[in-house]
Amino acid sequence: MNFGVIGYGYWGPNIVRNLTSLEDSQVIAIAEMSPSARKRAQKAYPGIHVTSDAFEVLSSTKIDAVAVVTPVWTHYELAKAALENGKHVFVEKPFTSNTEQAEELINLAQRKNLKIMVDHTFLFTGAVKKISQLLDEGTLGKLYYYDATRVNLGLFQHDINVLWDLAPHDLSIMDYLIKTSPEAIVATGQKHLNGHEDVAYMTLYFPEKVIAHINVNWLSPVKVRTTLMGGEKRMLVWNDLEADEKVKVYDKGVDITNREGVYELLVNYRSGDMWAPQLEQIEALRQELSYFVDCISSNRDPSNDGCAGLRVVKILEAATESLGKRGALVYL
Amino acid sequence: MNFGVIGYGYWGPNIVRNLTSLEDSQVIAIAEMSPSARKRAQKAYPGIHVTSDAFEVLSSTKIDAVAVVTPVWTHYELAKAALENGKHVFVEKPFTSNTEQAEELINLAQRKNLKIMVDHTFLFTGAVKKISQLLDEGTLGKLYYYDATRVNLGLFQHDINVLWDLAPHDLSIMDYLIKTSPEAIVATGQKHLNGHEDVAYMTLYFPEKVIAHINVNWLSPVKVRTTLMGGEKRMLVWNDLEADEKVKVYDKGVDITNREGVYELLVNYRSGDMWAPQLEQIEALRQELSYFVDCISSNRDPSNDGCAGLRVVKILEAATESLGKRGALVYL
Amino acid sequence: MNFGVIGYGYWGPNIVRNLTSLEDSQVIAIAEMSPSARKRAQKAYPGIHVTSDAFEVLSSTKIDAVAVVTPVWTHYELAKAALENGKHVFVEKPFTSNTEQAEELINLAQRKNLKIMVDHTFLFTGAVKKISQLLDEGTLGKLYYYDATRVNLGLFQHDINVLWDLAPHDLSIMDYLIKTSPEAIVATGQKHLNGHEDVAYMTLYFPEKVIAHINVNWLSPVKVRTTLMGGEKRMLVWNDLEADEKVKVYDKGVDITNREGVYELLVNYRSGDMWAPQLEQIEALRQELSYFVDCISSNRDPSNDGCAGLRVVKILEAATESLGKRGALVYL
Amino acid sequence: MNFGVIGYGYWGPNIVRNLTSLEDSQVIAIAEMSPSARKRAQKAYPGIHVTSDAFEVLSSTKIDAVAVVTPVWTHYELAKAALENGKHVFVEKPFTSNTEQAEELINLAQRKNLKIMVDHTFLFTGAVKKISQLLDEGTLGKLYYYDATRVNLGLFQHDINVLWDLAPHDLSIMDYLIKTSPEAIVATGQKHLNGHEDVAYMTLYFPEKVIAHINVNWLSPVKVRTTLMGGEKRMLVWNDLEADEKVKVYDKGVDITNREGVYELLVNYRSGDMWAPQLEQIEALRQELSYFVDCISSNRDPSNDGCAGLRVVKILEAATESLGKRGALVYL
């Protein structure tokens, strides 16, 4: 399978490296606007055609699929052109700048029988796979809450705020793990420096009393990548910065027995062993791209398809509305 | 100074122990409803009068000041009776169940020239004192945000939710450190077990783009007591669970220079040394009670007086309203 | 059972508090040389006779057992007097200053049918009990090594070096867990300040290729209390400073298959889940003293009897000899 | 400057990548015995000549310097051939299998006016540079001890034991930081699996009461890379596994005043701030190779020259002797 890659900035080189190393795929063209990035690409991959003209890649008859690794505001146009030229599309997250664009791309791909995959890389990590398995097996029991913190002194973006920059990671993971969709959302935050929120908080109300919360921050002195999940039977902490033992499952919880009235509630705390399951160690992006190649070959829709991308964009759109109204409840 | 203590449950024994060990104070009576707690009190302090009748303590002519260490819904009545009987009052946080009660107690104390101290113990810890000093000296520069997490598998309360249980710690600290009052508040959360929210989140909007956030949770498998503060010049992490190095100051930050337009913003990251100042090691509650005795003796108003207690209750009241409306913005 | 306690310095108050709280024992006399410590004892326990004269305690006909909580160089004489006066003896670790003293006390107790317990408190912690159980059940498989680090900015002792001060903890734990005795010992170290080694290292050679190592240091800026144990089947880390999860069991190891020669060794690494068993939370000293009372009542020999104390002293004596010869191998 | 690289196993690719990226150097030939490694090299660097014949590289007239990145038992022969062919030599640590070989290579290089650099990479890390600077500035005061732990479930070596595998890191760092040479050494350890010690401990006696200790272990379930250094004025912890704050300086210590006799020693503990200096972030190996190119160009002897390599080998040789005699003191 022949790939063209548009964008060779921060993430593009990882896409190229993995596509090149896979057995069933190769990169034959890279488009990139920055001359210095083009130079780096050419030096590292003398055999690949490197150009400043994205259209060359989008229209090449030798190319089967295009990876769009550019800022979010360019996704729609590039992906659309690729699809119109009969190419499958692998596109960075967030999928598009709004839901209309996402829906249009999904429809276009469907009509053309082409595949879209949105780069929700985290779904392919050993940690998320293991958590998904634990949830499926009922290890946690009924879920109570999902609470994610993703903060550090991050790269300031000029075209999007911290929610659009960092929350897509958590939203795509949450979408994958919780399976149902949130009913309503509250987002708060503050702009301090360049006109975009650099600190933001989201609460998502799900059916059946499940609540999710996401804390993202570009101005934190320390890096935190921690998610807590509490369930009726067990609880879980995922600390993505731990070298080993990223996921810890706690045999802890609360049982409440209502005897005769509110003042007779019997609260029983449970506290048992902790257990850190071994996680798969394969590079997530490699697995994801290999899965994309498989989906195309076997004409299957990936789980992280355009619809998954759309679900994340829908939440971001609602969050933006809520943020603008300082936390107003927005129904989805 | 002769003290009466009402309530000898979880926290009361600490109050008695400290008042007993101070040079200028002694406890002469303890009132407690639970027979087993009375037995413990009597065994530990054979010289103190232990009774089941709070009125005995409130009306005793030998008593100068009363410590009210009971559930929040009893504070108003007990404190009122104590003040009416001419006694100074040390009362657990949160001060009262609503702002009206708080205001009435403040007025009553003023008329009687009596002191109220609300037990905002954290203000007397080495950590909060040091952070306060760093802020006063301008070490952090203009404050951007204050983000506190206080979660664990906590004692379920039957009469209040997790906000009223855990957030008063952070609200009293925030009130002490930030000095200005929040303008508006957004609170979200969920009830899973006994009719009270066990997971809750608050965002507080302060003047001049300062934003605060508080994450409280009774259903966390791990205990977290971490506060991040970001400022223009430096940033700070306070991890109260660290044995040493509870407060770390980071010489990190972001400088943004606007050259010619939004696409020309120059973002400069700064990253320098980290510094963990040595903290005072004296027991906070002992210092607080000693300060209370001093304030009474010298007829000074404590910084954690009824008005400080009222400010915290006002925020809790607004948060409760917001929580009931799933995150509606409530102005203060 | 009536106890006399000799020594009310750092550890004595814990002994008195626990003996007092147990159902079947009480303290009726405390001997202590320091006037200020006597004052503290009298204030805390108005009902106990407090004296400066140890002989009063040792000879009192009302006393059944004596706890010797004094510096090591006084243990022999005080314990001997207690035994001669027909009293059971609970004595601080290390048991005595040398093996002759230990043997004499053991013989004396045996002749008089009295019990000796050496205060190897750690054997009664949830962590050591759990590790012992794991070893007994074969969870680790054949043991390869035991490696303990016990360092901090510790109290300088004037009469003993850091080995005699800190290593008895590890030696008593090791004696309890490994069960066989070391064959030979190598100790190294250095004196920097007051004529006693403040940094020291011991290697202990056990039968069947088991090796143990102990690192003790009074001059460390950070406190470390970590023990690694490696076995054929699994490995274990005990970090006594963790609030939760003190003991972690790793399903990790190395399998070596020798195919045809040394250059054909096949090394297979195993790496599986990690597991932190829940530990008992009861205060170790309380359990130990309750066990002592039981042993006396039922005329049983405690596991941490004089012989256990002697085994530790024997190693310390050999280590001292090795240390003096800068690491010479000393056989036991 | 044209380089030939011999060995393209675990470390060789890093050497090639860095030499290739430097401005003043290029790799023109790689020799490697494993066909699969040769294939990887050829794919990654289509422009470099890849051969199975080391002699081709050693004798090529186009090559100025050779990097020997092979097992230690081959260093002597390969380095000797390189020097005899007039090439500068960059050689992996440990330098050689024994001191005679090291001395012969040093003499040969001197006669031919060629440079030898031993790959003591750690000397070029931000952490070691900063510690060196702190020592030079007297921040720690007179050094008391150096205590390094380097353990994990490591790659078993078939030709050397864990001391020769892991300790060269610490010995080269120690040699660089302490500056004086140890007078005597004690080493202990145990073989459990394949005939080589997999657990080992070294104590090094330096002049003026400085003591060093190294703990290396191939059978640890957890990775530890921690060095403690205690000085008269301050103490330091270097934890190389921390993402940030690898080096922490503690304003802690002990002052001892001798008043009238050993029982009148006044011990004063100091405890002040902790400080984590910012460290340089550049890749150490890149800096080291750039320094090697500079040394050759300017005809300077590198600090990590053959003599530094020899000092490390001398200690390893003494340690091997001590290990064989179960900890016998070996003078250097």
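Here the chain labels run A, B, C and D in written order, and each chain numbers its own residues starting at 1.
Please note the rule applied: a contact is a pair of C-beta atoms (placed from the backbone, for glycine too) under 8 Å apart; a residue touches a chain by one contact, two chains touch by 3 or more.
Just so we're on the same page, UniProt names per chain: A, B, C, D = Gfo/Idh/MocA family oxidoreductase.
Bear in mind the structure is a predicted one, so any value in this text is a computation, not a measurement.
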*More contacting C-beta pairs: C-D or A-D?*
C-D
*Rounded to the nearest whole Å, what is the centre-to-centre distance of subunit B and subunit D, using the mean of the C-alpha atoms as each centre?*
53
_What's the distance between the Cα centroids of subunit C and subunit D, rounded to whole Å?_
38
*Out of subunit B, which residues touch more than one other chain, so two or more?*
222, 244, 271
*If every chain is a node and every touching pair an edge, decide which shape results: line, ring, star, complete or other.*
complete
_Of all residues in subunit B, those that touch subunit A in their complex_ = 144-145, 147, 149, 151, 153, 155-156, 158, 184, 186, 188-195, 198-199, 201, 203, 205, 209-211, 213, 215, 217-222, 228, 230, 235-237, 248, 250, 252-254, 256, 258, 262-263, 265, 267, 269, 271, 325-329
*asked:* Under the stated contact criterion, what part of subunit A meets subunit D in this complex?
replied: 46, 222-223, 241, 243-244
*Report the residues of subunit A in contact with subunit C in the complex, numbered from low to high.*
244-245, 251, 271-278
